[in-house]
Structures are given as C-alpha cells and as structure tokens.
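Each in structure tokens, the structures are laid out below.
Same chain, two partners: subunit A is paired with subunit B first, then with subunit C.
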Partner chain A sequence: MAETKSLIGTQNKKGQTYTDPWKMLNEAPRTPSFFTGSEVIKEAIRRASCDIMIAYPITPQSEAAALIGELFAEGYVGDYFRGESEFAVMSQCAGASFGGARVFTTTAGPGTMRAMENFPMWAGARLPIQMIVTCRGINSPLSIQPDTLEISYLLNTGMLVWHAETAQDFFDWILKGFIVSEEPDVHLPLALCCDGFFVTHTKDVVQLTPADMCLPPYDPYRSPVPCMDMECPPVRMMRDPFIMKSNYISYATHASWQQEVWAAVERSRKHTIHWLNGLIDTENTDAEIMIVASGTAVSQGREAIRMLEDEGVRCGLVKVKTLRPWPEEEIREATKHAKHIFVPEFNVTGWLAKEIRATIPDHHRVHAGPHVCGGMTMPPEIIVSEIKTALGMKTFSLAGRGS
Partner chain B sequence: MSKERIKISEALYDIMPSDYQDLVKSATYGKDDRGWKDIGTSKELIEQHSLCAGCPESMAFRYIMASLPNPEDTVMVGSTGCTSLVFPMVAVHNIHSLFGNQNAIASGLKRALSVRFPGRIKDVVVLAGDGATVDIGLDMTLQAWFRQEKFTTICFDNELYANTGGQESGFMQKGFVAKMAPLGKQFEKVRLPEIARESGCHYVVQCTVSKPSLIEKVIRNAVHVAREIGPTYLQLYTPCILEIGKNSMEGLQEMRDSEKPTERFAYKEFISEPAKQLLAELAAKEKERKAAAKQLAGQAQA
Partner chain C sequence: MMSAYRVLPGPEHFLPPAAASMGIRLPNPGEAHINGVIVPEDQAYEEAARQFLMAKVPTIFPGPLVLWAWNEKAAKKATAIRHLFETLKECVQPGQKPMLIPMPDYRPKYPKINPEIEINPNHPNLTIWHNKIDCCMFIGVHCHQANLSLKIIRGGTSCYTIAMCAQAGHEDAMLSFRDASVEKIMKLAETVKRLKGTVQPRLSAAKN
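Coming up: the complex of A and B.
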C-alpha cells in the first residue's frame, strides 16, 4: 500500500511545501491580486495538489479549463487531457477517482445537463471529485449567458452543492472544498457553482495564499470505500455491485445506501461550518425585510439594501453559501423576525425561493423574486422596486408606460 | 499487490469464507506461466456466477481470468449487462458505474494508476457486452482508441441485448428478427474490428471462445501490447443460447459453426508493426524461459 504518513512540511516536485490546510488558508500571509474568475480557478488549482484534471470546451468555463492545461504543462497537475464530451469527461473523472486520484473538472449549462447521469453515480460511488459549474442558460433557444437553472438539477444528486458569490469565494472554496469532500465521513463529490461571466470573466481583487504552499495530497486509503488499485485486500471486490434482484433484501440494501449518501451530505455540515465559517452569512437579521440569495444575486441584494437605506427602509440579508447541505436551521433563525422575505434569482423557476418556502414557517412571507434569466443582468433597482411594490410604496415603472 | 497481501491472519482464518481461503492457498497470482491449463488444479479467480446454464460467456470469463498475465496488478472495468452479473464474483478489483461509459472510466483509471504508481505495472482491462461497446458507448470506445489509451477492450459479442431480453444491437446480423427489430434487422453487423484497426488499435482479434488455448494467447498478447504500446481490442463471440433458441449444451457447437472460414466469426487479426515487434520479442523471451526451465528440470533429474 502506498505511504500514508503525513507529508506536511515536505516539498513536491515543483518546490511547493505541503502545508497544514488550516494554516495555509487562515494564517499564511495573503497577496492581493487583480484577476478574472478563470485565472483565480487556475491559481487555486496550482495550490491544490491535483492529480488529474479533465477538460472540455464549453463557454464560459473554457478559459479556466485551458489555463489548468498550462498548469499541467508546468508540472503542477499530474495528468490532463481533453475528453470528447461532458458525459465522457465526468466518467473519466470517475475512473480517475476510483483509481485513487484527486480529480478536478469544470463544466457549464448544457454540459452539466449532458453529464447528468454521472452525478448520482459519483455520489453513490463516494467519489470526492470537485466540479466547477460556471452556470449558463440550458434551454432552447441556445444561450451562453448566465442563468442558474442548472443548479436546481444538481440539488438531488447526492453531491455537495456550494454557490460562490465572488472570485474570492471561488479561490478559498476550491481549496476548502477538497478538504471537506475528502473527509472520510463525507467522501462525496462537490459541485462548486458560480454565475458564469459575472464571476468567470470579470476582474476582481483576490487575496491569494503563497504560491509556494499547497494542500497535502489526497490519501485514497482514508476513503470509506476501497480504492480500485489492487493494493488492498480482499481482492474479490467490485465497485459498485448491482443490487437488482427483486426481493426485499435488495430493496433494503439500495435504500440504506441512498440514505447513507444523504447522511454523508448531512455529516459534511460540521466540516463545512468549520471551514466556511457557517453555511450562511447574515446582515441586519433584526430587520422586518430580508433578502435571501445565493451567488451574484447576493451582491445585487447588498447594493439594493444600501439604496433602500437611503430611502429610510431597513433591510437585512442572508447569503446562502451551501445549497447541499441545506442551511435549514440557519435560514429559519435568520428570518424569524422578517415579515417579508425577498429571493432575487437568476433563473425563471425560482428554485431557491421554493427551497426557502419549504424550510420556514409562515411561508407566505416569501416573495419569489425578482427573477431575471437568459443572461439578463439584475440591476439593484429592480430588487428595490420589487420590495417597494410589495410594501405598497410608490416606485418607478421599468416598462416606462407610466404608473 | 502480491499474494502476500491477501494472506489471512491466523486468528481470523477460520471465519474467512472458504473461497477466500482457497484463493490464498492455490490461486495463481504472480505465476509467470499462468493459463487455461490451471483450471481444475488451482483456485480460479472467478467464483460461482448467475449466468444461464451453459452460457458461453461463463466459459469466456473463466478462460480470460485464467489467462490475464498479471491479475495481481490488474483492474477490470465492466458495464451494465450480463457481464455485470459475474463481476462481483471475480477476484480482481473491478468497477461498474454506468451503461456504456466503460472506456471513459478505464481512461481515467489507467491515467490515475500511472500518476500514482510511476514505474509499476498496473494493467487495465475493459470487458463489456456489444450493446455497451458498439451502441451506447461507441463514442467513448472509439475516442479512447483515438487517444491511444493504454488498456485492453474486450467485447463479448452475443449479437443482441441479452440482459434486457433479446433486443436488436449493432452487432446483430442483418435480417435477424428480434425485439425492436420486428421486420428483421435492417442494416449490416457493424464492422468494429476494422474500425478498431483504423482507430489506432495495435492488436485486434475477432474469434469465438471455442478454444481456450486461443483465448489464452490473444488475452496475453492484448494485455502486453496495451501495456507497452497502445489500445487493443478483442471481439469474442459468446452466443446467447437463450435468445437464439438453442439448448444449454449447444453453445460450443454454435461457436464452432460460426467460426468456419466462410462464416461471420472466422478468425480475424490485425497487428500494427510496433506490436508485431513487441510480440516477437516476448515470444523469444518465452522460448528462452522454457528452454531454461527444461534445462533446469534436466539438471534436477540428473
């Protein structure tokens, strides 16, 4: 069996020092850098001791996927290639993860949908693959623009699903994501989502950890299921055997395994709270009006709150960081004083509002909106307008047909 | 892995299943000249299976497991279908994930093992049915070959979807009447051996599993070529006796009938130049080894 003792303090072939993750992410000095979201993904992976990255071009993640190819050429990633489709790429990621590698990939929109059959398989097979999802439109007519509808399809796969607001979230969460999803009592894949273009293609100041520090490598022998490398007995071992007989034992076996996957999602809660400093962030939770959002809708909500303050309307904010595990208790607590809860979203169905309605008491308080989709931006003015309309206050008309 | 690793602690010996005890006692992990002749005198790497009585696939499985040159460091990848009913009984690590993605899984797996175990041999062997290989998974089958992924693809060709009840597949003969081909199949059997050659496979064989010695030879060749040079492909006729209306004892005759020179499973072989060279080198080494063993045996006698 491969060596499993701690490598912390030793160097990899690029001269980076394997560093205690907590020290690296919370204590090491940070350097401000002005980067696009795609470049931030590259910088995070440079520090992630990633064994294998598999790429496929689809807007808006193509740049990030290609930049990681450069990292591979420089020797920071063990292996890298372009797969033939997202379905194949996600299966190739699975094969690499079954073989004990730390695996990273990126996808978007229609690619996420094409690959969908793989995701419950990843979760069921307990493969801690990290997948960046740079959300874009999925429906016909074709759109490459930001739209978060695809996230709703990931929510019931058994994967961990986090939704980053900024490039800084991205940098930190990619590294923290490997740590949480590789915990033996979690050992699940992570879909780390962001809103395409808004995060991937805009430049922002991001505080980076030192480039000569990296995460300790993945240890596949801490996995709750055996690694498929013929290094561990017993040898009569299939991943993952059929349970297809038509009898009660088969059903019970399958049922208990599904329950175990979701129990593992729940067990990720404590690790996620530790590393992300809670599943939600809050502001002004004593306010009667709350905005609850995820992704860049949080940034727009924050701006709307500032504008409302200027008009004497006090409003609070909940930033939902993780969608799986779902911060049910946290959202209940943060919204307990609210009379009105607004959920701005970059998709047509309002899946986040539905999740929140299913979570809190007196769900008539939830106003599902405003919604934009298909690549439309969400000016804070429309959030302000939605709130003022609901409160019976005079507001401007977006359509310009008079009020 | 070596056989050392599967040794049982004495304190736990009596509670281990007897088939595991047998594996430790007499399986052929690490034996240089392992092959089909070990069947009957050593513990096979396949335990009971739940295939139909007389299914040629079960014979094929036994020959393949007996012939793998390096089972102690081989990981197999299967797909959905009749083969996946056997894989849980096979004594090498093996993966089932989805239907048709076996060559994609194997691509990632082989690369992971190469990154994690540089300088060590870790063979990857895909074994899937014809639905998985030529229909739903054709894209990934071919792309793995285009990329020159270094693993062996074995297809059990039974010319239909057996596990779901006998539906038309791409490997079915033209005109055969089956479920989902109510008027008879409308197009020719897909010529995957030729496609494999053109797609970059270095060693391609199509045959039936009527002769264990032949299966031993082609498996060893395919694994060695894949390990050293690039992708290899074996298409083995394992008729579904149930769905073609034969009895349990008629599988062998069906294969013998189908492998005649004028029939669709006549032996077919394509070998690239680098693979020919490698196989010649391996054959020379084997000859030397046998000669040395003979000499040693002679000395011992004297």
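Coming up: the complex of A and C.
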C-alpha cells in the first residue's frame, strides 16, 4: 500500500548496502569467525538494520545487551537505552514497535518472568519485536545457570518461539527471524531462545555474512494493524477493552482477535519452512530409537548417538527448531518408525516431552528424559544410559564415584 | 498436507475457527483461493464476478487504506473501486441492489453504530443483517481487522465474502485475491462487465 520504493542496493549511513535477504543469507560469501554467542548476537544485529534496542542487565544476556550498546555508539543501531526493569523494557519495546520501529531486546530467566504480561500484549497487538531469551533458572533458590523452564511459559503467549542449538543458528536465525516475523500475514513477536552460558558464553566458529551487507529496513506500512492510533484497536483496546462491554458480539470480537493471533502463528509456518529449511532437522529417521530434542540438548543427543553407534545401537535424531509454530506433522512423520522416543531436556518438568506426547500416536513410546536442571550439565553418557536402561541393556551408574 | 476444511458461507458456528488454524494456507503471488482451495488468479476473477452478479445485494466495503487519500496509490485505488461499483450498478438486473458501504475506521462504536451506513470490524454482522447483504468484498482494510471481520461474518451470517487484499490474502474470506492493485480492481470490473447477462441472479430474499 505504501509508496515506499525498494531500498535494496542503496547504502545506509554506515556504508552498509541494503541487500536482498535471500541473497545475503544464502548466496553471499561467509567468513569463519571465532566468537562467543553474545558476540554473535552483536554481529547479527550489526547487519539487522535495527531501529532501537532497549536493554536491562540480567545474566546471562547482559554481555550481549552491553555489546549492542557498542553498536549504538558506532552508529549501527538507531537508538539504545536502559529501561527501569524488564517489565519497563518490554513495555517500552511495545511503544517503539507501535510507532513503526524494528525493535530488538534481550532477556533471561526471572527477567522473562517479570516481563511476562507484555508478551501476549505484543502478540495481540501484532508487534514484530524480536526478543533473545538466554535461558537460565527462574525459581528460588536463585540460579543463574542454564535451565530452559522459562520457554514453557512463552509457548502460549502467541509469540513465535524458536530454540537455537548453536551460535551459528543464533546468527542466522536472528536475521531470518526479522524477515519471518515482519511478514504482513504473520507480524508477530519472536522469542528466539538459547540455553544460557552454553551458547552465550562459549566460543565457536561461526560463518558470518559480509559486514557491509544489511537487511532492508522494516516497512511499517505492511503492518496488519495501523501504527499507533490512539482511537483504534489495538491501542484503544488496551484502554477500552471489548470485554468491558457485556454482550455477545463484544466477547465474539475479542475471541476472534485471539484466534487471529494464533492464525498468524500458523501462517508463519510457510515462511519459516522457507527460511529455516524446515521446522525440524532429522537424521536416521528409519531407526527404531529416536532422540527428539531442542537447543543444546540436540548437541548432547548427537554425541550420544555417536557413542551408541560404537556399541552397535542405531539411533536417530530430530532437532526441533521451532516450538511455535509447532512442527506437529513433521515430528509425527519423523518418528513413525520409532519404538522408543527419548526427549532429553534441561528443565525439571519435561515440557518438550509433553508437547511431543500430545502430538504423536502411541505416545507411550515417549521416554521423558533424561532431565537435568538448575544449571547441571547433561553428559551424553546419561542419555546413553537412559536409552540402554530402557532397552534392557547393562549400563553403569553415573550418579557418583561412591565411597 | 491439504486441509479438508472449506471456507464456506455460514452461519458456521457460535465461534467459528480461524481458517488458518484449520490448515487453510494463503496463495502465492499469481494465485488466489476459493473456499480455501488455491486456484490460478484468473479463475478467481471469474468466480468473484459471478458471485457479485448472482447476489441480491452485492456490496463493496472499502476500508481506511483506500478511503483516505494518504498517498497517490490510495487515491487511484479509490477511483478504481468507484469504477467497479459503477460497473456493478450497470451490470445487475432489476431487483438487485449494489451498495458501497465504507469502513472509515476501526474504532469500537459504542453504545451504538449506525450499521446501515457504515461497517465496523467489531460487529460487521449488523451491517450485513440490516442491509440484507448476500455478497461483499473487503478492500483497503488492514489485514488483522479484515480477518476479524470476515470470521465474524462467517460465524453468524450466510453472506459470501471476497477479499481484495493488498498483502498476502485472507483465508477467512470465501474468495481472496492478494497483492491488490488498481489493475486488479479494474480487471475485476472488466470481468463483471464481460459476464453481464450470463449469470442468473438470486432474487429471493437473502437469508442472513
């Protein structure tokens, strides 16, 4: 609708060229670089044409937030400031997004929980904000260590939720995330999650796109709702909700509004498959034993598969890349030959196993575990042990060295 | 996998599902959908024109994106919509009553909207019922608001809905174009003109 002509091929004030995103991410030369996950977030945002980043310190995302402050000082991010709390940050992100800006923020653990009220509001208002969640413990007693329990709280907010395994995923998905979430038929916030410390604070070789290429800027005229109109929903809806009127059609309007948010999550499927090359990755799907995991549990699962192969046990793998949209058909198809499905997780409740059980036929095949939480690592040996125990094979206890 | 669900005139349900949640997917460029099935765009022009010419009260609902001259393209689209409306009036038979009813904004109209002269996405069924509209086309309505409205119409009325969407289209309409332009609006008007006299109108009272 807007009279905006394409900016592709032109340069921004830093001399970066606005580049067709597909060419930038799939055809441009890549440079191997040895970076921490936090540094990779910075490098992705350098190329993301972000209008604003709003920050608040909480481990383990503080370093990424500080590094983006450096980007602002260098002129790669339009605006940058620190909010008063995570709740304030997420509210301020909403304001900036309502005004038509491409908005980025980072949070973790208790910060995610403190800001929670904002996330269904973001989704309901169709604000395509990108939020990095570097997952850590959320409960008392305090833990700053890796734990993915907070992801389960995000699953029903109406946000897109992706779970990165590696720093390379992180780099690519930050950029691809803006493209998918800003599609007019999607136009939803994205929670791009990773396992804190394991990804943010370890170094890895990451293939970076050229620093002189960047995404085209956000075009707010493609938004499915008007920008910041105080008299119209969704802004007016927040001060004058439909639900305040007690009649069928007011309720029906609100219900339809909610349905539309989840319809947009469904619509993201097509775009996400295109950009992430599918909602899942698979290996050995003809195997009778499958590991289904997301985040760094995938890496541990991969190592467990290698160890099992040494013992003559063949095992397959499903890497779940997106939790919303949920890859229901893909998981069903990938596990159709499996007699045993193991779901290793870095949290106490096993939310991923519950999602999978609700998805596949014969859900008794799902072994919800192994679980670790509270910052514990997950040695691949415990995945191997869980699988061998279920198969009736002899295995050694990994509980400790004994007296 | 293709969904077995079809987007059909209602009244469908106390709270009908979003078509996207039932597996209906939006068309790619050059395509449209009819009842949730992806078709070549040319087929959709024929069907949209046929539905307009069959209807007792074929109605165009222009939204804020074309009602306000906020850029040159919007003004040109508004002119094209007026042309489509005039074409409809020329092509219908006695007893048919084409209407052009604006959706000037999305403000919740409380305590009472005048549904006969305007439509609002929060209670579009009132405008359908009051004017006995049996076929309508949304154009220039922000996508979220259009889907909201299309779903409510499908839930409580038997009106056939068409969306001429400037973006990716609408699964919640029974027929949807995407990437709407002046050229596409004019092509629909041409198709209406070409099919004039070849379509038998439903002249019994619309059951909304």
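Criterion: the second predicted complex is superposed on the first by the 381 of 403 C-alpha atoms of A that agree within 3 Å, B and C clash if a C-alpha of one lies under 4 Å from a C-alpha of the other, contacts with A are read in each partner's own complex, and residues count from 1 in each chain.
We take it that a contact is a pair of C-beta atoms (placed from the backbone, for glycine too) under 8 Å apart; a residue touches a chain by one contact, two chains touch by 3 or more.
From a predicted model like this one, the values you see are computed outputs, not experimental measurements.
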{"item": "Touched partner set for A:29, first subunit B, second subunit C, both or neither", "value": "neither"}
{"item": "Subunit B versus subunit C as contact partner of A:141, first or second or both or neither", "value": "neither"}
{"item": "Subunit B versus subunit C as contact partner of A:231, first or second or both or neither", "value": "both"}
{"item": "Which of subunit B and subunit C A:267 touches, first, second, both or neither", "value": "second"}
{"item": "First (subunit B), second (subunit C), both or neither touched by A:222", "value": "second"}
{"item": "Touching partner for A:185 - first (subunit B), second (subunit C), both, neither", "value": "second"}
{"item": "Contacts of A:256 with subunit B and subunit C, given as first, second, both or neither", "value": "second"}
{"item": "Which of subunit B and subunit C A:126 touches, first, second, both or neither", "value": "second"}
{"item": "Overlap of the subunit B and subunit C footprints on subunit A, listed as residue numbers", "value": "2, 226, 231-233, 236-237, 240, 242"}
{"item": "Touch list for subunit A against partner subunit C, complex", "value": "1-3, 126, 183-185, 187, 222-226, 231-233, 236-237, 240, 242, 245, 249-250, 252-253, 255-257, 259-260, 262-264, 266-267, 270, 329"}
{"item": "In the complex, subunit A residues that touch subunit B", "value": "2, 51-52, 54, 78-79, 81, 83-85, 87-89, 91-101, 103, 117-118, 121, 125, 226, 228-242"}
{"item": "Touching residues on subunit C, where the partner in the complex is subunit A", "value": "1, 15, 17-21, 25-26, 64-65, 71-74, 105-108, 110, 121-123, 125-126, 142-145, 147-148, 151-152, 155, 166-169, 171-172"}
{"item": "Residue ranges of subunit B touching subunit A (in the complex, touch as defined)", "value": "1, 5-6, 19-20, 23, 47, 72-75, 77, 84-85, 87-98, 101, 104-117, 122, 139-140, 143, 147"}
